[in-house]
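Below, subunit A partners subunit B and then partners subunit C, in two separate complexes.
Right, the complex of A and B next:
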């Protein structure tokens, strides 16, 4: 009886299902098949030209007991979470300030200037910041003006003490404009009557921001936070471009190690095992953040 | 209603066909990425291939199609790559198909091999060579090499020894690897009254030179010496003072160790520290890459006066300066073999080979060997260096004349120094190269290891801390050794 119902429903909507088929096929071929193959390979000792054999959880065991991967996990989380937090606040600040600007030209100019870094690749942004932070770069130039000729340039990019901070700052600098655009899009949809009413009641501009603007963009903030949580462990380009041996211990992350194992050393088994663990960790982080934000509740409301 | 159904069906058909185009067969997919030939032609050739190979086997004649996965070598753009492919096909009598990914060569190569693509030759470096042998992904061609008069006669025996792993050879050569030398700005030295040929070949001798250069300069951004310390590239001419060899070395007990991490290396690391403390060593050497170092050494910048670089780069600096209208009386880079060893010789580092290996699933091994043989001849060397006749150069009255394109390509189509041991460069090397190459007798390769990246990063990290004075030389070296062992780079 139930099967007949399902059959009837499929028959009824057959053209819609037919329309869906290419999309489903696309994801099966280009996303889920490689994903399944990767997970399958993570249980095998893979040889690049075949002749692989099943080795159970050995790859996973090797990854988990490898101190490099544990350190990389810690680096990934610290740099990823730090970048997200700073980028979030930075983007929010830009959006709120942009909303206060009355001149359309100035507003557009600032929005464009803050958004441009997001459009540039890490090859460009990394090179730019390496130059700015170099011994002959802008930061050392300022320090020299302040401290005089006796000042000895600081090689910021070789200082482990600054390494994570530099990655967090440059990461946030690159992405803040993007978050600002998302937040601003939410801010402009807020009903202006609420601000007018608050104004009549004597609420200051600051109070309006705290009690009207921020609560009204909470749902956008939740989406941004969830998307960011899914990307915490996925930072590769920045570290690949900006890291060097002096600071590698502080910033080397999971994807960097996976690249090294999988692409440089052709160790497909360990690399796919590590990638599967990253996938699992990302899922756990995403579900945790989702639960903490009460993401589903807000959409049910 | 019928119209709606028809429309839906049409849209579906269009989307499905689009998807199927993306998933088309491997043969066609390979063809679409192959340089210069039409898909139709390639499909036909691929169909013919097994038959042709069979014929070749039966008649002992080499023919058929040779598929090459290439990086660095060949044409500089797609059009020139087509010409290169045609020239190689014509010279070998084979049908050559070349694939050259625009970027991410290693990732593409790994994915293609893992996906079952079949190539007859793949371009790899020495690190990849070791990793692929470990994966049993390369074919043992030792017997074929030994049976070839060209490969044994035209290539120095020492070159083969360098790529022999457990008595087996899995590849032929893309080019002859030269060595790195100490490159010096001759004019800056002359300005402080130093004839480079009279420099005392000791650490103290070079220290005095750096000091004079620094004192004479009014540029606050000028540092006499630069090196890529973060990657341990290249400290060999200085470590020679203690007779220490770069990279990993195997001792008499069969144990691997890094001489630069031994206590004997402490005086050289302390010498680097002295240079850093006295602002003779560019502080950017902790983060600089080779391109940064070369830019600072170039005629347009001249922020450094002494570096260690490839012999070819001595010539490139001079050639670039000449191309920019800077004459040798204002800028000229010359070379020296560095510091003398305790036994009065020198030690220089030779580059790890760049190779064309035969994958274990190659279909036309005879063809692949024929290509390797061609690369080891005078004609093959000319194609890999000067380039393609009629495009990069013309021959006028027996003399090679570079075209404008050839000038721009600077006699480098993958092998500025071809592997043929008696190669006569038809155009001549850039100014300064002959002198730099003459120090080749002091050069040797480092032991190829699969985890070379770890070796460089660990030595660089602790070396920088020693130089900055954050840790004493002996403590830093002890930590360096400890980490090298923990990462499986060394045994002691």
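Right, the complex of A and C next:
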């Protein structure tokens, strides 16, 4: 009785299921299958000419002991955390100060200039900054004016001492406008009556910013922090575009190393094991950050 | 005196205002001047682009950088490649996301819970972390170095489906129910009731995904080795890496690199100018979702 009812309902929705079919097929082949294949291969020694065999946890063991991967992990975390901190401050500053600007033209000019880098690919942003930091680029041109005769051009992109700083700065430069737009969207929804009440009580505008604006966008800050935490080990494009052999030691990160091992050198077993570890680590990090921020609590009410 | 103080509390004090303005000016300069510099260098002669200087104004205007990019680098081919795979991919994605989003709003659809989790779970599988298997699979399917491969990998995202679902839920469900009772077919209900109301949603998916597909680097870097199939980011990388290599053979001059950068930016600037409301809408939805 119940089975025929369900069947009837399925029949009624047969067109709906048909609409879903391409999407299900796509996800099975291009999402779920690669995930399963990756986990499967991470336990195997894969040979290019066939004849791969099960080797248990050996790939994982090799990855954990491999100094290149440990270095890539610390590079990922240093550059990722540095970029997040700078981008967060930068974006927050833009959003709070823009909210104090009355002129519409000034406001939209600044918003446009800060948001456009976010839309650009790392191919564009990387190429732009590599050129600007080159010996004949804008930064050296600026130094030449300051230093006069004693000027010697600095080859910034081949200088390991600047490598991480450059990645952090360009990362924040590209992303600050995104955070600013998110913060600003949250700021404009704050109830204006709160500000009015505070100003009647004699609170200065600066005090209002500290005690009203910032606490009221705390939930957006949490979202932003969580997004950053989930992406910290997954930066590829920037390093792929901007790294070169003289600074690789300082900036080579996990995904770039996995790409090199797996795609360029066909070490499929170790590379998939590393990718699986990064997937696990990303899940653990995002879970931890959720807990630390009490992320889910803030959405309960 | 008291009145004056009260009026002042709506804005910053004089010195604070000055300081705020100064900080914003510095930020504006840091953000805008590099892009302006790219434009100036791209329209400067080779000689002036190789001399050191700040270059925020022309001392020798010339379009030879653009000429180099089209004659020597042959950037037109990668530009067309990017344009083709991005446009085709996004159109298919919008259609399929609308289909799947419509499925997810059906009330009492059998297995709806399972279907929803099936879609949501794909958002937890980052494509960048399954890259090596994606490569192997594309090799088996003979999709390496093909336009088909560039289009079909990353074709649909759980995010675009959820975005469409959110737009569809704003349509009154009883409207669809009564049309159904009147005997309208599912296709008609979908096409005549839901799609017209959800145009902003379709536009949001279109422009968000256009930007992300146009900017895609990792997938083409994995799938494409044949220069004829290079997309713009791959070509840019090839130009830049030649420049930083020490071999010195046929490196691209700086005005040509900047010209290629300006050309790569152009479609995104157009989207920003004409469709920024959709980008902002999609972006804030994306941040709320996860």
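Keep in mind that, in the parts below, the second predicted complex is superposed on the first by the 266 of 301 C-alpha atoms of A that agree within 3 Å, B and C clash if a C-alpha of one lies under 4 Å from a C-alpha of the other, contacts with A are read in each partner's own complex, and residues count from 1 in each chain.
Keep in mind that, in the parts below, a residue touches a chain if its C-beta (ideal position, glycine included) is under 8 Å from a C-beta of that chain, and two chains touch if they have at least 3 such contacts.
Quantities reported herein were computed from a predicted structural model and do not represent experimental measurements.
A.B. asks: For A:38, is the partner it touches subunit B (first), subunit C (second), both, or none of the two (neither)?
C.D. replies: In the superposed model, A:38 contacts subunit C only, not subunit B.
A.B. asks: Just to be sure I read the superposition right, which of the two partners does A:86 touch: subunit B = first, subunit C = second, or both, or neither?
C.D. replies: neither
A.B. asks: In the overlay, answer first, second, both or neither for which of subunit B and subunit C A:72 touches.
C.D. replies: Neither subunit B nor subunit C is touched by A:72.
A.B. asks: With the two complexes superposed on chain A, say which partner A:228 touches: subunit B (first), subunit C (second), both, or neither.
C.D. replies: neither
A.B. asks: Contact-wise, after the overlay, does A:51 reach subunit B, subunit C, both or neither (first, second, both, neither)?
C.D. replies: Touch partner of A:51: subunit B, not subunit C.
A.B. asks: Contact-wise, after the overlay, does A:241 reach subunit B, subunit C, both or neither (first, second, both, neither)?
C.D. replies: The answer is second: A:241 touches subunit C but not subunit B.
A.B. asks: Touching A:268 in the superposition: subunit B (first), subunit C (second), both, neither?
C.D. replies: A:268: touches subunit B and subunit C.
A.B. asks: After superposition on the shared chain, which partner residues are touched by A:136: those of subunit B (first), subunit C (second), both, or neither?
C.D. replies: both
A.B. asks: If you stack the two complexes on chain A, which partner ends up touching A:25: first (subunit B), second (subunit C), both, or neither?
C.D. replies: First partner only.
A.B. asks: On subunit A, which partner touches more residues: subunit B or subunit C?
C.D. replies: Subunit A has more residues touched by C than by the other partner.
A.B. asks: Between subunit B and subunit C, which residues of subunit A are contacted by each of them?
C.D. replies: 15, 19, 22-23, 26, 29-30, 130, 134-136, 153, 157-158, 244, 262-263, 268
A.B. asks: Once bound in the complex, which stretches of subunit A touch subunit C?
C.D. replies: 6, 9-10, 13, 15-17, 19-20, 22-24, 26-27, 29-35, 37-38, 41, 90, 93-94, 97-98, 100-101, 109-110, 112-117, 119-124, 126-132, 134-138, 140-142, 144-145, 153, 157-158, 173, 176-178, 181-182, 185, 195, 198-200, 202-206, 208, 220, 223-224, 226-227, 230, 234, 236-237, 240-241, 244, 255, 258-259, 262-263, 268, 271-272, 275-276, 278-279, 282-283
A.B. asks: Tell me, which parts of subunit C touch subunit A in their complex?
C.D. replies: That would be residues 5-6, 8-13, 16-17, 20, 23-24, 27-28, 30-35, 37-38, 41, 49-56, 96-97, 99-100, 102-103, 106, 108-110, 115, 118-119, 122, 124-137, 152-156, 161, 185-187, 190, 211, 214-218, 221-222, 232-234, 236-237, 239-241, 243-244, 254, 257-258, 260-261, 264-265, 268-269, 271-272, 276, 279-280, 283-284, 287-288, 290 of subunit C.
A.B. asks: Note which residues of subunit A are touching subunit B in the complex, please.
C.D. replies: These residues of subunit A touch subunit B: 15, 18-19, 21-23, 25-26, 29-30, 46-51, 68, 130, 134-136, 149, 152-153, 155, 157-158, 244-246, 248-249, 260, 262-266, 268.
A.B. asks: Flag every residue of subunit B that touches subunit A in the complex, lowest number first.
C.D. replies: 5, 8-9, 11-12, 15-16, 18-19, 22-23, 106-107, 110, 113-114, 116, 127-128, 131-132, 135-137, 220-221, 230-231, 279, 282-284, 286-287, 359-361, 450-451, 453, 456-458, 460-461, 464, 487
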